[in-house]
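The chains carry the letters A, B and C, assigned in the order they are written, with residues numbered from 1 in each.
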Amino acid sequence: MDSPELEIVKRTAALARLEITDAEARTLAPQFARILAQFQVLTSVDVEGVEPMTGATRLADVTRADEPRASLPRAATLANAPDERDGFYGVPKTIGGGS
Amino acid sequence: MSTAAAGVVSGQTGTRWIPVIGLEVHCQLDTRTKLFCGCEYSFGAEPNTITCPVCTAQPGALPVLNSAALEYAVRAALALNADVAPVSKFDRKNYFYCDLPKGYQISQFDLPYCTGGGIQLASGKFIRLTRIHMEEDAGKAIHDRGDATLVDLNRAGVPLIESVTEADMCSADEAHEYLTALKEIFQYIGVSDCDMEKGSLRCDVNVSVHPEGEPWRTKVEVKNLNSFRNVRASIQYEIARQIEAYETGDPAQYPEQETRLFDVAAGVTRTMRSKEDAHDYRYFPDPDLPLVTVDAVLIERQRGLLPELPVARRARYESELGLSAYDAGVMTAARDVADFFETVVRVGGDPKAAANWIANDVLRALSDPDVAASSILELLVKPNDLAELIALVGDGTVSKNAGREVLDEMLRSGARAKDVVQAMGLEQVQDTSQIDEWCRAALAGREATVADVRAGNLKAIGALMGPVMQASKGSADPQLVRAALLRIIGEEG
Amino acid sequence: MSAYEELDATALAESIVRGERTAEETTADALRVIDERNDELFAFVSVDREGALARARALDERRAAGEAPGPLHGVPVALKANMCLAGAEVSCASKILAGYRPPYTATFVQRLIDAGAVPVGMTNMDEFAMGSSSENSAFGVTRNPWDVTRTPGGSSSGSAVAVASGMVPIALGSDTGGSVRQPAAMCGIVGYKPTYGRVSRYGLVAFGSSLDQVSPFARSTRDACRVMEVISGPDELDSTCVDAPPVAAGAGTGALAGLRVGVPPEYFPDDLDADVRACVEAAIEAMRAKGAEIVPVSLPHTDVAIPTYYVVATAEASSNLARYDGVRYGPRAEGDGTLQGMFAATRDAGFGDEVKRRILLGTYVLSSGYHEAWYGRALRVRRLLADEFDVAFQEVDVVACPTAPTAAFSLGEKSADPVAMYLSDTMTVPASLAGLPACSVPCGFVGARDAQLPVGLQVIGRPLADELVLAVARAFEAATDHRRRPPRSAGGAA
């Protein structure tokens, strides 16, 4: 039976697409537990009625005009691609599974 | 299994089942550039040629909201009588897929820009909208070429609005009608071409069924329906599948909460992922994008751009212009056709005649390769020209049949109706002395027929008209010919 | 003519414009010092020798042709390896971006180049700016020129050392929770984090998007002002960039008399290093002596700033780093041959331990069932922290406090203990969370006479008061001048 922390680490790693080994998970779990314990102090703060601060910007309503800017040449876009195929990005064969 | 009124479906066991249906419709906004970058999208371009650091998620690149996308979205909301939020925000929807460059989609979660509103069906039933939100499209993954999946990011970042209904519909027909109306409205107000073939309108449906009088049951989602036909077919299939599953009486076979895909070839839905695999999207406010504010000025400007919507136009065409419900429907199905029709009427064309000409001849021309026009706006025949032709037929200058020939020529060459009539010599001869001359010639040698007419058999006059029309090469006005024949026979009797 | 290493950027640019030296000679000087010192200190991960010399020659030619010089004419500059310059290798000191050459140039980098600066190379950092010591770099540790057994601080370690050791007079770093101010303090130079939004982030590889700010390192406050004048100002490519004019370079001196300086007791806790405390208290005393009024102010939520920061920053990072999936750039690991398997294998091979730890933490605090308890709560506490600064700034013009709780610590001292490492950011993260401008300016030294380590004074201002913060730092520098060059061979205590 995995400890709750180990269970959390494994589940979270899967969600974050981090392929961690069992040994890594066992190293990470106690660190994770310690960090969360340290952060537990957050729960002692009274935040009743406090609006969340979603960003440091105090701006609102920032938009641009609907005017085209030059796209990149395809060669420049694809120059860093690990598997470029006929002007596409190639990835392992998959079917569906998006959103 | 049979369908009765109000969407009730009777199962094999005699149970009366009520389907419950909601729709989520993704609609591409026709802005010039993408939602968060200046790439100018066009359908069918070479792969990965309409991309930039922002829409390919190069490290360090940042989004900036396209003001036109917000304006279009607001206009769509107003057309659906929905409430536009004064403040909304963009959130990140996190998941991993090869067509999602940033590993998250910028969307709106708990503060969408629009809530409420809806569409009234012909039956009077009102389909409520829960919300509409803005989001960016993903790229395109191609799975059927070679041994790899290929990713094209041209579409990544294209602006979408997703409208979500309440589960207010109870049949495939209602869903179809709602979708048709939604599409008409979006096209009318100029925010989207809603072309399902190009992927600019996509639909997900939620379907459940429950016995009449009982609580709602498990909802199943069917994703990525790319034609009206598939929307209808998938709903019908799901209703039947779910009823059948429940009627086994075996809970193990009951529908599960899951996401399914419609297999077009087989006409069935198949499991895509079950509830256990449901994504945890970890939504949170996108720190790269400040709050979105919509003020009264923006709203009023967009309201001012709203045209009269299809439902209102149909009603007006019936009540004010005297069109049949059918003709009014044909005239309003697309905004450009309705606008064309109204212009014809405004410059003097008779409304009923205009509707007939447009429905029977003008729209048909769009499928004629010689005409080479993809919309009524591209035709060489303009509303003025059609009105002129209608007048020429109306006052008897040309016959209805000759008018068709004239229109064909106008569509091909762009010439004006009067010029075509003249050039082709199709003008009906109204000169009574000329008509009298042809009549007298025809009567000669046809004494038996003449006697027949005199004896009171007026039908026999038809046998006399043919030779007259022939002699005039079809140019004589048939009414004048008939009158002349009767007069001459009478005079000579 | 003074030696290259002794001049700040302002003096160098003026000297080149006067014709006392050429841009090419100046760049060659920078390359010479880098050659001499980089093996030992590892400030740069890559140096673009030919590109820099070519750019410098072009500047000389344009100057000879009568073109007006920019404010940084011919000045060699170092860029942190998370800053996009088209064609340069921008690795973020991570294996997952090894070999990545961006197809575009950051707004602020272009502005530097347009002002006549000559980028000579990319500097080492903690991987994806996650760390406070350089020990999280995939390519090796950067050493403190004051004592090579110690950290220079981080995450902008290489840029700080490049300036402190005389390789370049100015460099850019990025400050998310103190990644410029803390290494500036530990290396004895000026580090300036602008108001959030004062400098465009377009082209800065994101770590914590609501916190990241491009921030200059310099050996003098006047250089920091000059760099700010060049790189700040509105940018239509960054929605969070404020519509305020560039920071005025001429932020004046003599501003201490009559200035109300707030000193928060929360920044002087019992466990604050005694030597650092003494140094900073002396600095505040020096400000009083020059006419500043010292006022105690209370910032009671300071003690929860660290967890708040780590929840917010890691949440944003977990999303920002999702794009490293092996599809569009970076080395790919095939894994089990499926798409999702390729993602996981690529990310496993590409990310280092601390980055993985933070992605996990950030994913966790956003995940279903924990989101409101952690992330949602942290956003509310963040508001409290910002609000209490607002209250303080109704009473005072600036807040003065230590930049870091200790002077440079030894390499290896905290690398095994993530929490201890996180706590070294205690004094810098509050201004980051509140989006405030903050400057670290040298305020003295601690340690034995033959093994001295620099200490930094942090000056924090209200939003958009960048000019005031820089003016105060400049006045403090003029009044005290703790600027010194590190010893040429710093063997350290070891």
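Going forward, a residue touches a chain if its C-beta (ideal position, glycine included) is under 8 Å from a C-beta of that chain, and two chains touch if they have at least 3 such contacts.
Since the model is a prediction, treat every value here as computed from it, not as a measurement.
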Per-chain C-alpha mean nearest global C-alpha mean belongs to chain A
Contact-richer chain pair [B-C vs A-B]: A-B
Distance from the CA centroid of chain A to that of chain C, rounded to the nearest Å? 24
Quick check: how many Å separate the C-alpha centres of chain B and chain C? 57
Distance between the CA centroids of chain A and chain B (whole Å) is 41
Overlap residues in chain A, where contacts from two or more other chains coincide: 15, 17, 54-55, 57, 59, 62, 64, 72, 77, 83, 89, 91-94, 97
Going by the contact rule already set, what residues in chain B reach two or more other chains? 53, 56, 64-65, 96-98, 149, 151, 280, 282, 287, 289-290
Multi-chain contacts in chain C, i.e. residues touching at least two other chains, fall at 100, 103-104, 209-210, 236, 239-240, 318, 322, 325, 327-329, 339-340, 343, 363, 367
Which positions of chain C touch chain A when the two form their complex? 99-101, 103-104, 196-197, 209-211, 236, 239-240, 242, 301, 303-304, 307-308, 310-311, 318, 322, 325-332, 334-335, 337-345, 347-348, 351, 356-357, 359-361, 363-364, 367, 373-374, 376-384, 386, 418-419, 422, 432-435, 463
Which stretch or stretches of chain A touch chain B in the complex? 15, 17, 54-55, 57, 59-72, 74, 77-78, 83, 85-99
What does chain C use to touch chain B in their complex? 82-84, 90, 92, 97, 100, 102-104, 106, 201-206, 208-210, 236-240, 315-316, 318-319, 321-323, 325, 327-329, 339-340, 343, 363, 366-368, 371, 375
Within the complex, chain C is touched by chain B residues 53, 56-65, 92, 94, 96-98, 101-104, 149, 151, 280, 282-284, 286-290
Please name which positions on chain B make contact with chain A in the complex. 31-33, 37-40, 46-53, 56, 64-70, 87, 89, 93, 95-100, 105, 138, 141-143, 146-153, 261, 272-273, 279-280, 282, 285, 287, 289-293
